[in-house]
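Chain lettering (A, B and C) follows the sequence in which the chains are written, and residue indices restart at 1 in each chain.
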Amino acid sequence: MDILVTQVFNGLSGGSILLLAALGLALTFGQMGVINMAHGEFMMAGAYTAYVCQQLLGSAGVSLLVSLPVAFLVGGLLGVVLEATLLRRMYHRPLDTLLVTWGVSLILQQLARDLFGTAGVDVAAPAWLSGPVEILGFAFPRSRLFILVLAVVAVIAVTLVLKLTPLGRRIRATVQNRRLAESAGISTRRTDMLTFFIGSGLAGIAGVALTLMGSISSNLGTSYIVDAFLVVIIGGIGQIKGAVIAAFVLGVAQSWIEYSTSASIAKVIVFALVVAFLQFRPQGIFQVRTRSLV
Amino acid sequence: MTRPRARRSLVTAAFLSLGLALTACGSRVDDAGGGAAAESCVDTAGSSVKIGFLNSRSGTMAISENTVFNSLQMAADQINASGGVLGKQLTVVAEDGASEPTVFAEKATKLIQSDCVAAVFGGWTSSSRKAMLPVFESNDALLFYPVQYEGLESSKNIFYTGATTNQQIVPALDYLKEKGVTSLFLVGSDYVFPQTANKIIKAYAAANGIEIKGEEYAPLGHTDFSTIVAKVRDAGAGAVFNTLNGDSNVAFFKEYKNLGLTPASMPVLSVSIAEEEVGGIGVDNIVGQPVAWNYYQTIDSPENKKFVEEFKTTYGPTKVTSDPMEAAYTSLFLWKGMVEKAKSFAVPDIQAAAGGVSFDAPEGTVTVNGDNHHIAKTALIGKIGPDGLIYTDWSSGAPIEPDPYLKTYPWAGSLSG
Amino acid sequence: MSVLRSRYVVGIGFLVAAVLLFAVAPALLSTFRLGLLGKYLCYAMVAVGIGLAWGRGGMLTLGQGVFFGIGAYLMAMHLKLADAGPGAVPDFMALISSEGVPWWWEPFRSGIVTVLAILLLPTLLAVILGQATFRRKVRGAYFAILSQALAAAFAILLIGNPVATGGSTGLNNFKGFFGFSLRDPANRQMLYFIAAGALLVMLVVARQLMVSRFGELLVACRDGEERVRFLGYDPATVKTVAFAVAGTMAGVGGALFVPIVGIISPNDVGVVPSIGLLIGVAIGGRTTLAGPVLGAIAVAWAETSLSEQFPSGWTYAQGLLFMLVVAFLPGGLASLVTWRRRSGTVEPPTASTPEPEPAPAGGVQA
């Protein structure tokens, strides 16, 4: 029973981290077909933002709360710059965006090494987030609960933006039929840029969350990017709810297999399951019915 | 049509390469000597002599290896300022190992064959050392390796100036046993050092009545330790023996603290966390945990005071010194001692003269063992203080003779076979 | 296509390459530098395959390191077993395990079995993967990311089984190559010649495939897969064949890498090196025959010489190359030198576009 609760929680927690990492990707990949390999480095930028905030502000609690919106801005701006300078000219060849953004990620990593040093830095967790909290006799780490809540809030926020705001309507229109949206007077360029801003900003927030879990160094992004893309692929392109389900399924699967085998084997098995799954549903959990020939 | 033409050129190409390959055949494996080993091209005629530094300046290991490179550079500058070696100034050729074993092997070859250096200093991971070992053996060149490692190795072409297992892991186990620990949980990264170290730990435990409650490995760079730490907590061992490497330590210790585990409830003894790693992990997350090394910045001796001061003057007041840096610094002076004793830069002369060469290092006096090319060192168990530095908690008292194959330990009989 | 059609240009180019590789390079370079060139040639072999699969077939494969690695590890296993002698256990295995040689190592004591396996196993894996993905119409970004995850899983598997694969150190310390001592410079030159010969053979094969009906079909699959299907062909088979050929070439490249470089480790086959292999292809010109080869050699050479001087400079250079070449010169350097003589038939650089991304229509839904 103990193990059951702990492992389900660890799975959900791992899933929530994956979800934060993949949510922005689901937006940018979903809407524009851009495969942004630098997404992981946007997360890294968010993590370093949290570090800088803490160095400037001192107090761990305040700086964490301040760094969330600041990291959103930093990630978002990085995204907008990338979109406006490079990706904009490449929408007709989405596969190449993968390589271009890979180059960007290499540069950002090296930049982080040159700016902050090769050694990792530490962001201290505020007192109200360190240690475990007892719920029904089980000890849950506060920081993991915080990330879980953060992920849920982020999903709800993105959903509300897409459903209720004018921007959300424009995004959905552009995704469903770019040409028709244009002829209806929607500036798809502006919409693209805003989508990229939000997606990359979410990466920044994910980066802040990760400072509670692990090391902050130049290779922070590379540890998450492959898994995040798997989440998007399993979830189905352009599907927020798909990404949510996929992230939690992957998280729980990883932690359960890891408990009964080892961390290395678990990664390999999870990958094999993903390939097997795509055999049955090549378009992910949620398939979008269209008349296009796919 | 293009077909016949292309087929003809295909056949031509195949024959061409086959023919050339056959005419170029050299000696067979079983020929005496296995082919001529490359002649040494080291130039000692001039007023200077070249040495090579081979550290990862890029990639995941750059975090640690840059500091080793810095202290090597400082040692070379000091030697040059005091007149060089045998009256010759040292010219440093620095290469980047890029944290990849293959690159280490390639760059080592370059340093030996192309740059003709008299000796190479560097390497960090066991993978990098194992990748370089055949290069140095086949070219009959010298490598000075400055990091503690898993033992069970001894090459006449390598001098190991870091600790071998009986100078670090075995004393650490003695320390835990002295403290009354009766059960252990082993956590390590999934590669050769932790696996070999844990093999030794298990042999020691079996002979000393210590129960091993679990053994977990995480892939290098693994970031989610929730499951592993949950297993550690549920196993309820007396202590954790940690051989994790690099970034994984950060995630592990943050998770450890998040689950409410403390040095008092279940200490984690680490063998890969030195002063410079503490900052990245966060002092709060690791304060009070024991580590095992042979050198700490806080050692109180005139040699160490000078070493720390010079390092801070050269590289900045916030820099810390650590065991591998000190071992690298020492290695250059030991090489100098060997060369001066042999009065020669030639590899066979140095090998013959090496035994008994000693140096008053920052960690204390160290002496080279001429048989296994390791050095006698004092083992120190330290505790991480609230200022991020490490303070000696227990000492072996005298230098321990290196015994890489643990031949003098009856419980280790099955290991070296 | 003009370059490919002008038979004389190809013939002359082939001849020049042969002279450079077999006469000029060995005469000018030291044993050490010749060994480095041999390593670059191994990467170039992988690049020929990538050019075929990605440039011609539109399959962006980020997992060529897997095929490279299978070829390399098979060769390394054989060399380790041969060094140990009949029935004996290789040195690294004895160090960490007392259980002896795993059963699946045993067949590779035989040189013939090893060579056959090097040729067949990567091919077979590519066919299986190709059938599994292309039949289900997994393509574009999906295929790219799956192949990348495959490379990640492969590296983890290698590191996680140190008894069988040497873990993160990989396999090294080879004494002989099919009986020939690897310490002898004459034998090292022989290895270089074998690599050069293998590369030339691959170039001929690739050219044959490109100018054949199959080559036309492959390009057609890249540019309009559905239309190919409507014409009665099976795009999955066409793409699988190209992917398999690319896998074979990578496998052979890996197998020759081992005796030339003297080590194979998971660092040489994971995600990062797999993508690194693409940059040379992109720079040289992915759709051309010679572009990927020249690009791969040039990039590998630049990496060696740049990283000797500026360790961190190379990372910036690599990043910038990816960014600028792919974004602004998608045809690679080849597009600058391509004869514009028959501009009517010259491929526009952007023809490497796969068909419009399977429209993410239906859109972002909450």
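Operating definition for what follows: a contact is a pair of C-beta atoms (placed from the backbone, for glycine too) under 8 Å apart; a residue touches a chain by one contact, two chains touch by 3 or more.
In UniProt terms the chains read A = Urea ABC transporter permease subunit UrtB; C = Urea ABC transporter permease subunit UrtC.
Quantities reported herein were computed from a predicted structural model and do not represent experimental measurements.
Peer 1: Considering A-B alongside B-C, which chain pair is linked by more C-beta pairs in contact?
Peer 2: When A-B is set beside B-C, the one with more contacts is B-C.
Peer 1: Name the chain whose C-alpha centroid is most distant from the C-alpha centroid of chain A.
Peer 2: Result for the farthest chain: B.
Peer 1: Could you please state the distance in Å, as a whole number, between where the Cα atoms of chain B are centred and where those of chain C are centred?
Peer 2: 33
Peer 1: Based only on mean CA positions, could you tell me how far chain A sits from chain B in angstrom?
Peer 2: Between these chains, centre-to-centre, one finds 37 Å.
Peer 1: Which residue numbers or ranges of chain C touch two or more of the other chains?
Peer 2: In chain C, residues 156, 159-160, 312, 315 touch at least two other chains, as defined above.
Peer 1: Identify all positions of chain A at which a residue touches two or more other chains, and write them in rising order.
Peer 2: In chain A, residues 113, 222, 262, 264, 267 touch at least two other chains, as defined above.
Peer 1: For chain B, jot down the residues that touch at least 2 other chains.
Peer 2: Residues 190, 217, 219.
Peer 1: Using the touch definition from the top, list the residues of chain A that touch chain C in their complex.
Peer 2: Those residues of chain A that touch chain C are 26-27, 29-31, 33, 35, 86, 89-90, 92-96, 98-100, 102-107, 109-110, 113-114, 158-159, 162-163, 171-172, 175-177, 222, 226, 229-230, 233, 237-241, 262, 264-265, 267-268, 271-272, 274-275, 278-279, 282-283, 286, 288-290, 292-294.
Peer 1: So in the complex, which bits of chain C are touching chain B?
Peer 2: Its residues touching chain B are 7, 11, 14, 18, 22, 30-33, 35-36, 39, 92, 95-96, 98, 156, 159-160, 162, 167-170, 172-176, 179-181, 183-187, 189-190, 193-194, 196-198, 200-201, 204-205, 207-208, 211, 261-265, 267-268, 304, 307-308, 311-312, 314-315.
Peer 1: For the complex, give me every residue of chain B touching chain A.
Peer 2: The touching residues are 60, 62-63, 66, 190, 216-219, 221-224, 226-228, 230-231, 234, 247, 249-251, 254-255, 257-260, 276-277, 279-285.
Peer 1: Would you mind writing out the residues of chain C in touch with chain A in their complex?
Peer 2: 58, 60, 62, 132-133, 136-138, 140-142, 144-146, 148-150, 152-153, 156-157, 159-160, 226, 271, 275, 278-279, 282, 312, 315-316, 318-324, 326-327, 330, 350, 352-354, 357-366
Peer 1: Under the touch definition given earlier, write down the residues of chain A that touch chain B in their complex.
Peer 2: Where chain A meets chain B, its residues are 2-3, 6-7, 10, 13-14, 17, 113, 118-125, 130-132, 139, 141-144, 212-217, 219, 222-224, 254-255, 258-259, 262-264, 267.
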